[in-house]
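Letters are used for the chains, namely A, B, C, D and E, taken in the order the chains are written, and counting of residues starts over at 1 for each.
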Amino acid sequence: ETKLTIATVNNGDMIRMQKLTDDFTKKNPDISLEWVTLEENTLRQRVTTDIATNSGQYDIMTIGTYEAPIWAKKGWLAPLENLGADYDVDDIMPSIRSALSNDDKLYAAPFYAESSMMMYRKDLFEKAGIEINGRLTWDQTLDIAKKLNDPANGVYGICLRGKAGWGENMALISTMGNAYGARWFDEEWKPEFNGQEWKDALSMYVDILGKYGPPGATSNGFNENLSLFNAGKCGMWIDATVAASFVTNPKDSKVADKVGFTEAPCAVTCTGANWLWAWNLAIPASSKNTEAAEKFIAWATSKSYLELVASKDGWANVPPGTRMSLYQNEKYLDAAPFAIKTLAAIDSADPINSTLKPKPYVGVQFAAIPEFQGIGTVVGQQFSAALAGQVTVDQALANAQESTDRTMQKAGYY
Amino acid sequence: MGAIRLENVKKTFGNIDVIPGVDLEINDGEFVVFVGPSGCGKSTLLRLIAGLEDVTAGKILINDVDMVNESPAKRGLSMVFQSYALYPHMTVYNNIAFGLKMAGEPKAVIDEKVRNAAGILNLTDYLERRPGALSGGQRQRVAIGRAIVRNPAAFLFDEPLSNLDASLRVNMRLEITGLHQELKTTMIYVTHDQVEAMTMADKIVVLQAGRVEQVGKPMDLYAKPANKFVAGFIGSPKMNFIEGDYARARNCACVGVRPEHLLLSTEQGEIAATVKIAEHLGAETYLHVNADNIGPMTVRATGEVPLSGNDRVWLTPDPERIHRFDASGNAISN
Amino acid sequence: MGAIRLENVKKTFGNIDVIPGVDLEINDGEFVVFVGPSGCGKSTLLRLIAGLEDVTAGKILINDVDMVNESPAKRGLSMVFQSYALYPHMTVYNNIAFGLKMAGEPKAVIDEKVRNAAGILNLTDYLERRPGALSGGQRQRVAIGRAIVRNPAAFLFDEPLSNLDASLRVNMRLEITGLHQELKTTMIYVTHDQVEAMTMADKIVVLQAGRVEQVGKPMDLYAKPANKFVAGFIGSPKMNFIEGDYARARNCACVGVRPEHLLLSTEQGEIAATVKIAEHLGAETYLHVNADNIGPMTVRATGEVPLSGNDRVWLTPDPERIHRFDASGNAISN
Amino acid sequence: MDSKFKTPFGQFAYSVFAWIVGLTVFFPILWMVLTSFKSELDAVNMPPLFFDFNWTLENYSGILEQSNYFKFAMNSIILSFGSTFLGLIFAVTCAWAMAFNPTKRTKDTLLWMLSTKMMPPVGVLVPIYLVFRDWGLLDTRFGLIMVLFLMNLPIMVWMLYTYFKEIPKDILEAARMDGATLPKEIIFVLLPMALPGIASTMLLNIILAWNEAFWTLNLTTSDAAPLTAFIASYSSPEGLFWAKLSAASTLAVAPILIVGWFSQKQLVRGLTFGAVK
Amino acid sequence: MSTRASTLAGRVMSAPSIIALFLWMIVPLGMTIYFSFLRYNLLSPGMEEWIGFVNYKFFLTDHAFFASLANTLILVGSVLVMTVIGGILLGLMLDQPIFGRGILRILVISPFFIMPTVNALVWKNLLMNPVSGFFAWISTSLGLQPIDWFTHAPLTAIIIMVAWQWLPFATLILLTALQSLDRDQKEAAQMDGAGPVSIFFYITLPHLSRAITVVILIETIFLLSVFAEIFVTTGGGPGLSTTNIAFLVYTQALLQYDVGGASAGGIVAVILANIVAIFLVRLIGKNLDA
């Protein structure tokens, strides 16, 4: 009997998968599964330590689109070459697939994928007489937020991520930066926070969230904002497309039937204005159970898994964003009113060409280099300090520039 | 100036009558000693006077003013505790000065009084030390110094010497007596050591189970104990009590003879006895004997007596100094 | 069976010579008392014999076998500690039985011995209690019981009574003496109480600063102290020492007279003095006097003497019992 | 004067005041437990719902279904008790030596021991991790027990040392005279006498080991993962999660809280670190 | 008991602990010192190279270092002050007769049993959340603006959480110390005319000094490495406002995977901790006969 140790993140889709594994173990009686479920940051730190030290404690790891290319390039991941005949690799969304491949080999299979978009309260928009025509700009969004903001009644104009972290506030702010024409690094790998683009983007962020956001925005991440939105406290919310299924679920959401969806706002450009992220399953090269692990990955990311979920929990709850076929499935489109917008967002996010000016790195809302986690975290902290009013926007940018510069220098980029 | 009067003072803890009712008159300048067996309420009575415990009923008059509802500090008394209760973190100086500081006296006055007290008690060289760095006797003196400076109406001592070793005890006993002669302040002194009681007191109060058994001058108590309890309690070694025929022959329930009032002879006498243990102290000899028909008795003889275990001796009580007690233990006057 | 001989036993702590070298012979069945001022090395010497400390040099022979390198248990001695050192978590029974258990004796034997010891010590009713529920005297007995059951070659006592109150002390003193008479085992007994030393010992060893000052029978030490130190140490109240002209007139550096060897008169005598404090104990009276040209002296008079402060008295030393010392403090034989 | 409150009313009023203070201190825990019985929507309700909500066990059943709580709890028990017992063996002998056979360096050694605790764990994570990997100790209970044991050893030694110092040497010497060998002396005499101190040392260490979250999280994956790892999987899932989080939190702290409540007398009695002479 | 045998036994019996701790200290420390001179990113294994003091230079010139040093000191200092004062007050409170004192004491010491992670989660989400937290409700009920703890007073929020956790510890130790205060001493002071306040400042407080020292020592050891509370709530932010040394080293080690830099940081932290330790030892040497 083979025991697979699987590290997963503690989000709803993954937890649902854990509950459905009977289906897998019935088909593969010689494989047993051991789950290690962790909160995102802890998970990342655990699996990274494990893989980097070649400790081999996990057979399957849940990793993001950030890690996948870096690790694949270092040869830390086993290529997924035996996913089976009916797996249909070509059905995977191209943008995702390219993000997970190296030298044309797939190193991780997407479990679900997301981009970002705007969720808004149709009822409030209607009351305020706002109509959405085409893609919004950030300036327009600012106006709308101002109109919707009504703290006395517990409604805030806009909810955005404010919690520091490269996967939290920086995901959003990076896409804002992209929209304003900024980039993380120039072609020489020098950080560019001293440019006007970043200043515009950050000023807008601090302005809109500081003035029309909920209190405590600096500690709001995805979860906190989801709670707020579900409790009916946000007029708009720009965040991951996966949120769509939660905010429309009447069990958790007070506003399930009042949510509208639209693309994330643009500014000078729409390139890179929405991010691309996927949680993927990968096998560390150190695993001794590669074969069984691949079997499991094939099962968990297959089309039939989607059907399995649909049969148990309904189509609205299947993991979104990974397979094109899903978006051709009428039943899914019926059950998920947000499906089209999600597809559009994911489709339009290109990890390679996500900035107005050329860039040396891969990734929309991150740069897929090992140093980025640290840099992103530090910069994220500076930006949340700016949001908290502890430092000015200029100061925050200068600090970000300095520390990023130091790190890149220390890492030997120049 | 400190005359203290207790009028029907009662104290109960929970529902235990610790002091069922005590009347007592203490004159100004008197040295009064409370004695009694352990647990008889000596400390309790003292603490009632000090105000550290509330009385259950009764009056405590200090200089004719009822102080029952006053706080300890207001009663103008000073207390020396058995454990000394020095403040371990303060220097000797500050220990002595503490009460004056609390009373808000000016610095100069405090300084003068402290140095004065230290002078009386030979503590001048130790003023800057902490209690931890003092010997037992010195600590004791600091505790007394603390009491002196407040110029109290009366001093209260609760077994102040019982933590000291024998020879130091003798010295401190003399010092306190000397102090009393010098200050002439009323002192109430609790002890269960008869030697202290006998040598120090102007007046001894013998307590038993919270009741006053007898009040009087030491020599009166020694010579004319009011009852068997007092007779047995005062004097060391303890008085011999003889019951049975011997007592009946003398018209009483019990005859008491102090060990020092037994005439010893190796030839003849009233009571025949066998020596069990002879304790030779040089200046005197204690004989623990087994008297025929009577049982164990103790004899105290002056000087060195060449007797040892199993020797036969004869004892004759000094007829002048025989005590007789009735069946309920009260003395029958001769 | 326990004869103990110390041969040139030395002990240093760090570089302090606590015992600079002691020779001592203790015969089988003897009751030997170590006395001396605090810190003189009594406990250290006892602990060296017990094996709780290593000697720095010298031999300790128990029944003629050098035990210097044996562990305490192997020396076959029992010790009674000042603090009793009872095991608080064990019953009296187990406290007494512990040593036997450690020696691996069979249950039945242990039981018999424990009950036997308990019988001797009147502890039978308390065997199931813990030490916490015993009185001071009972605890003391348990400690002795623990020592007895092991049938030791000798008992070692380190101030076993100093934690007890005065009257209990007298009783326990008698009990231990009785025990010695019964068991006839060698006993080494440390105390700084002269009464204990005088009354209990077959042989007293007077120590000062780790050195043996004198060894002898109690009465010999009382009557013929080898030097001023022993003279002052043995006897209570302390011997009066008179120096100056008075001594010079008697061909020595210092004359010693015990308080009980001073004849007291209110009319005439050798030395005129003024009473400072008179302590009336009933059976005797201590007078603390200030002798003209000499200074403070103590007089011990039998019975009640009607004197008090400031009375003039005259003292006459008993010429037979005068002690004379040379300049270095050694006694000059009369 | 034992009681400052001469009237029953004074004492009652004071008691009420004290209870208010006490409940305030306790409130976060109370609130956590209450929230764990709410539905997610009730949990975020404004104004907060105190008792008049629909009590539900669904958070608990959800958690017990989703993760193997008992495995985590069992690991917590094994790790905290195991490291405590192991620590006790080492600490008792060491403290015995220090208290009864002190050398000139004893005090310095003790302080040095304490100072080893001042190293920030993150700083040495990588070295330890590498050592653990090479020795195959990752995700083993044994490895974790070793770490927790070493982490708490200085505190244990110090606590026991302070208790032992208070035991009169005489008694150990008496045992020695009675012929007890060293192990017997320690087992039959020293340990029973120091029992309150040992009990509270054990308790404190169980608590510290139970709550240790850095090493237990970083050196385990599943086999040896204790409740700290369990809670890490609930700390922020998607959606409304306060009630579920509260339930998970309650489950994570309940065992130790109950142990603590039942043994608080021991803890109170012994937790002095020699601060009381 | 200073026979050769027992001295030897003492050596032998303290050796295992000392050796174990020595290894536990020296092995990682040695490795850490070695790593601190390397360019060593965990994500680039095999690329380690000797770079001398560069890691130290970077760590010490980082303005994050000074910010986190200050934060560490503020955190430790404030928590100490709060727990000691709070502990004394609670100790005094619990030292009086109260109806149900046993249960009350249980309530008061409960926070000590709570895992730091849980502590942080509960405070952050259930209590301090500015929108639906309990404190927000109190503020709104009082007609005040809810405090946005983690934006406007993040360090204070952390301090409160940590202090809450350690308050019972201080209370317990101080309570035991209070109970050991000789009744005679208080009574002597009463006889000397001292009121409750004077008794507290002149008698009780000096009596507690030893216990306070112990509380300070033990708490400092744990407070220097407060981590979980920060990790769960603020992630060191906003800005650097809640980054302490331990967290800074964490960001180096597990966010940047810069083992070299983290090692240098760790060594710096060890040195700082030892400076604090020397400080404490002074304090203790005076107050504690350890």
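The working rule: contacts are C-beta pairs under 8 Å (C-beta built on N, C-alpha and C of every residue); 3 or more make two chains touch, one makes a residue touch a chain.
Just so you know, these numbers come straight off a predicted model, no measurement behind them.
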Other chains in touch with both chain A and chain E: D
Most distant chain from chain C, judged by the mean position of its C-alpha atoms: A
Most distant chain from chain B by Cα centroid: A
Cα-centroid distance, chain C relative to chain E, in whole angstrom: 56
Between chain B and chain D, centroid-to-centroid distance (C-alpha), Å: 54
Chain A and chain D, separation of their C-alpha mean positions in angstrom: 38
Distance between chain centroids, defined by C-alpha means - chain D, chain E (Å): 15
Of all residues in chain C, the ones touching two or more other chains: 52, 71
Set of chain E residues in contact with two or more other chains: 1-2, 42, 131-132, 187, 190, 254
Sequence positions of chain A contacting 2 or more other chains: 45, 49, 53-54, 154, 227, 231
Chain D to chain A touching residues, read off their complex: 40-41, 44, 46, 65-67, 125-126, 129-130, 133, 138-139, 217-218, 221-222, 225, 229, 232-242
Complex contacts: residues of chain B adjacent to chain C: 162, 165-166, 170, 174, 177-178, 181, 192-193, 195, 198-199, 218-219, 222-223, 234-238, 258-260, 277, 279-284, 286, 288, 300, 302-304, 309
Parts of chain E lying in touch with chain A, wherever the complex brings them together: 39, 41-45, 54, 58, 62-64, 124, 129-132, 146, 148-152, 154, 231, 233-241, 243, 251-252, 254-258, 261
Touching residues (chain side chain A, partner chain E) in the complex: 41, 45, 48-49, 52-54, 70, 74, 154, 163-165, 214-219, 224, 227-228, 231, 233, 370-371, 373-375, 377-378, 380-382, 384-388, 390-391, 396, 399, 403, 406-407, 410-412
Footprint of chain B on chain E - complex, ascending: 182, 184-185, 187-194, 198, 202-203, 206-207, 209
